[in-house]
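To start, the structure itself, in structure tokens.
Chain IDs A, B, C and D follow the sequence of writing; residue 1 opens each chain.
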Amino acid sequence: MIESFSIRGVEFRNRVLVASGTFGYGDEVKDLVDVNELGGICTKSLSWKPRDGNPPRRIVETPSGMLNSIGLANIGVHAFIEEKLPYLRTLNTAIIANIAASSIQEYCDVLNLLEQQEGIAGYEINISCPNVKEGGLNFGTNCDMTRQITARLRPLTQKPLIMKLTPNVTHISEFARAVEEAGADAVSVINTLIGMAVDIRARKPKLSTVTGGLSGPAIKPIALAKVYEVAQVVKIPIIGIGGIMTAEDAVEFLLVGASAVQIGTANFIDPATGVKVADGLRAFAETQGLSDVGQLVRAMESNIQFSVIQSWL
Amino acid sequence: MSNQHAPIIQTIVKVVDRREIVDGIFNLILQAPEIAYRSAPGQFINIRCGEGCVPLLRRPFSISRVDGELIELMFNVIGHGTRMLSSKRTEDTLDVLGPLGVPFGIAGDYETALLVGGGLGIAPFPFLTDFLLKQKKEIVTFVGARTGRQISERHMTNVHVATDDGTRGLRGTVVDLLKKYLSGKPSKRHKIFGCGPTQMLKALSELASASSVDCELSLEGDMACGMGICQGCPVERADGKKKYALVCTEGPTFNSNDIILR
Amino acid sequence: MIESFSIRGVEFRNRVLVASGTFGYGDEVKDLVDVNELGGICTKSLSWKPRDGNPPRRIVETPSGMLNSIGLANIGVHAFIEEKLPYLRTLNTAIIANIAASSIQEYCDVLNLLEQQEGIAGYEINISCPNVKEGGLNFGTNCDMTRQITARLRPLTQKPLIMKLTPNVTHISEFARAVEEAGADAVSVINTLIGMAVDIRARKPKLSTVTGGLSGPAIKPIALAKVYEVAQVVKIPIIGIGGIMTAEDAVEFLLVGASAVQIGTANFIDPATGVKVADGLRAFAETQGLSDVGQLVRAMESNIQFSVIQSWL
Amino acid sequence: MSNQHAPIIQTIVKVVDRREIVDGIFNLILQAPEIAYRSAPGQFINIRCGEGCVPLLRRPFSISRVDGELIELMFNVIGHGTRMLSSKRTEDTLDVLGPLGVPFGIAGDYETALLVGGGLGIAPFPFLTDFLLKQKKEIVTFVGARTGRQISERHMTNVHVATDDGTRGLRGTVVDLLKKYLSGKPSKRHKIFGCGPTQMLKALSELASASSVDCELSLEGDMACGMGICQGCPVERADGKKKYALVCTEGPTFNSNDIILR
């Protein structure tokens, strides 16, 4: 059974990665998971300086989902290089450095610094970040900004450049097309959806920042529709993300157009989910008589035209 | 505030017994040898209460007592997860991660340990009591609850009681009770171990520093992972180095001097 | 305890309505529910001609939610007037006619016809519909179109005109502002989110139309954030919708800015949910020492600025 | 295809018994007097299997038998909802809506009713059998299953069996079995009552019309509400008036001439 796939010449041992922010820096749960069985590890988003993150409360459970407002707490790219990368280099899985920033220059600086290091297979760019120059407007909800970030980063590296799109836009496919044109090698779809919850007795938002990002099984139907929408317009690989708990969930993402998937929230429940999903994908492909898990990619049959914008809801 | 990494184990454990010990408070006894043998008072386990998506996340519970291969939990029904736990039966199984977190710092030249628990904050005390007795410490336990019916003294020693409604012991908070006890006693001979709601811990922490008694606190808080990978459980640090510590891996126990409660 | 509120002079006996498409035409479950205890009934969307709706499969359950692709199956406005309105007129609750259409003219025609009838308290306009002139592009995702529909309908009636917004846009507040400016009396927030599900063995979408609308508790956090976003920019009443199952859920919506709520999917589980939520709201207000349920509206305290677009997710 | 509105009742009922009658097939007996007294064969009830959001929607089940105040269900474990039902115990309660849908049309001048069930499609037959026996009809029952272990004859009469794997009765489908039986018999003396997977019902419907036997079918399908308010359960109509009928209120039973199965 062939399980591997590649992006810009970098081979991933299988099609299941762990999502940024949901697997720490890869060393926290090494006793619990054989991380070398993963297709890859996306690090927590790295910014130039360390970030403390948001005040508590940062986590709220919702029906079949959770809200988070971590505020991209991270140790910063320098500490990452010194404290985390040496261990990550010893692993036999693809390390994807996820980068977050509040200016285009910061994205470039972080990537440039990481370019000088050994052991990083590629970059995933988190554009669900406030652009300080624009009064905090989210980069990722502005198609031009998204294109610019991609275009500025592209010449800085020969490694895979993966743009991670936000679902909080009207037509995510426009953003996918823009980053493909600007030279991205792949898109990750999706980051969290904006949501909130209220403590009705205290009459206060439960999260310190009022709103936060919704993830988990609750969002899987939305994530699938977003991946499907993107798959109609781009040729570059799509990495499907959103509420994946089982191999069956992952198959859904492959069928609608994802070349690989990432496991997010499920890691909090069982950090071995990624490994189990990879095993399950292999088993499923076997029962389907396939020789390559990749044969599931874009293999959904549908005789009707894509209907996201055309249906009566 | 140590950063030690005890090896965490994920295991399927069997429910040995479940009973309601006092009004609304349940004991769950699990056969969990790998966890039982490696855990220390103040640590917790993270339980998957059901199989589906609701509740989605695991639920953290202090290890209330260890008896050979068995670990005991003490909890009350708050929401979905604890309701599911309260209906578990003998022979049911549970998916458990543990032991998690940093145990209480029991070192120090104190003679008497003052265990101060509000509500379900007493959960870790049976385990802590066993441990301290082996260290030949004297123990005085202070238990606060809303009402007398919710007081359990199981596996605790030398228990003083305060209730909000005055139906048992002092009418007032458990911190009031401790204050009364401490007045006039030499502070260096004591160490406080506190567990309960944040506002109670805040009051306790203030009393401890006012009376110069060393004080360990065990915090609760919302956790998504319980193992340091989500950054979801910050508590403010007192030193300036970093703004926050993680309750799940750097706590849940902290020396009261190391953190700022709000 | 005051429970009523009003929009453009029309009084609603309480702040809990049932949502369009989830309570039929109000007569199907009359044995089960005392509909006169509801604040109002929004009818199934009415179009000029009857619509058969989409082929099966139309319903898929998802974690804490459901997808539907009904395709606005409805008996058409003429049959509604003849067969349903006479019964609805006998009720002691506000009847809101929900209108769907595939051209601006059709919206106007349906509304004009209903204007000639007795017994309709107001209109809710479903703009999550394909605009046939624009190749099926959804009216509701185009801010200009949304404004135009509102402006064209406004002069046709003196009754409350409630625009029902779709959440499938980047900044729903822009749409809310547009319809307020164009004369709408209220906004309903939100309609369903686009989602999908795949039958992995058949390798086909589960819904006949590939994608459908996601509703239910899974979307409540998103709906709350949308209502909150809208509440920052408009003064007209907001009717909060999305995943409400209990009075506590409804309180969350009121606190973030809704003047009233609608119960949708929950009616399928218990058609008396609306009545129970109204009862629960009254009881909650009592425990909070209030004299008017309306004192909960916009009563959330938050010392931080609205952060939908500014937060690091 | 009638549009009659039987009064629907929402009620909390008690579980009287739950047992596994044959491999993987469960019987659940509910004390539901208001529903028991008003229902007729072919109708169904809609059950809330749990309290939380998963499963969110009710689950529909045919009324398999009525015995005084009791109604009996027959089901197998498919997913979350049926798993929850299969673990119900005596004295547990369930929130139930019913009776729903239009009963089998049993009128007609036939002498012999042919009950044809595939898999759990036999669920409504015990109730139907009791009813038809009271009408002095003769009954022949045809039951199809994957394998012999999954065959139940409980409360059915004159049962012929077909299994996919040939471990009991004819190796083949239940429609094959019926075809064999019908060949050479005068058609006007029969009426078919069929229930099972859509593909089986399609074959059955074709056989019925080829042999000019009147045929009632009971359909399954995805339902959100079960009471006509969501429009989620269409089946194509054979007449040209409207394109679709609703399975929940205009069915689940239809005369095979009135609908088109795909």
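Just so it is clear, a residue touches a chain if its C-beta (ideal position, glycine included) is under 8 Å from a C-beta of that chain, and two chains touch if they have at least 3 such contacts.
Worth saying up front: this structure is predicted, and the values here are computed from it rather than measured.
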Those chains which touch chain D and also touch chain C: A, B
Chain B and chain D, separation of their C-alpha mean positions in angstrom: 54
Between chain B and chain A, distance of the C-alpha-averaged centres to the nearest whole Å: 36
Distance between chain centroids, defined by C-alpha means - chain A, chain C (Å): 33
Distance from the mean Cα position of chain C to that of chain B, given in whole angstrom: 46
Junction residues of chain B, two or more chains touched: 52-54
Chain C, residues touching no fewer than two other chains: 63-65, 68, 70, 216-218
Topology of the chain contact graph, where touching chains are joined (line, ring, star, complete, other): complete
Of all residues in chain A, those that touch chain C in their complex: 51, 54, 62-65, 67-72, 100, 128-130, 135-138, 141, 166, 168-171, 191-198, 200, 203-205, 208-214, 216-222, 224-225, 228, 243, 248, 251-252, 255-256, 284, 299-302, 304, 306-313
Residue ranges of chain C touching chain D (in the complex, touch as defined): 21-24, 28-29, 31-32, 44, 50, 52-53, 55-61, 63-66, 68, 70, 73, 216-218, 245, 265, 267-272
Chain B-facing residues of chain C, complex: 63-64
Chain B-touching residues of chain D, taken from the complex the two chains share: 52-54, 80
Chain D residues touching chain C - in the complex, by the definition given at the top: 5, 7-10, 48, 53-58, 95, 97, 221-235, 242-244, 249
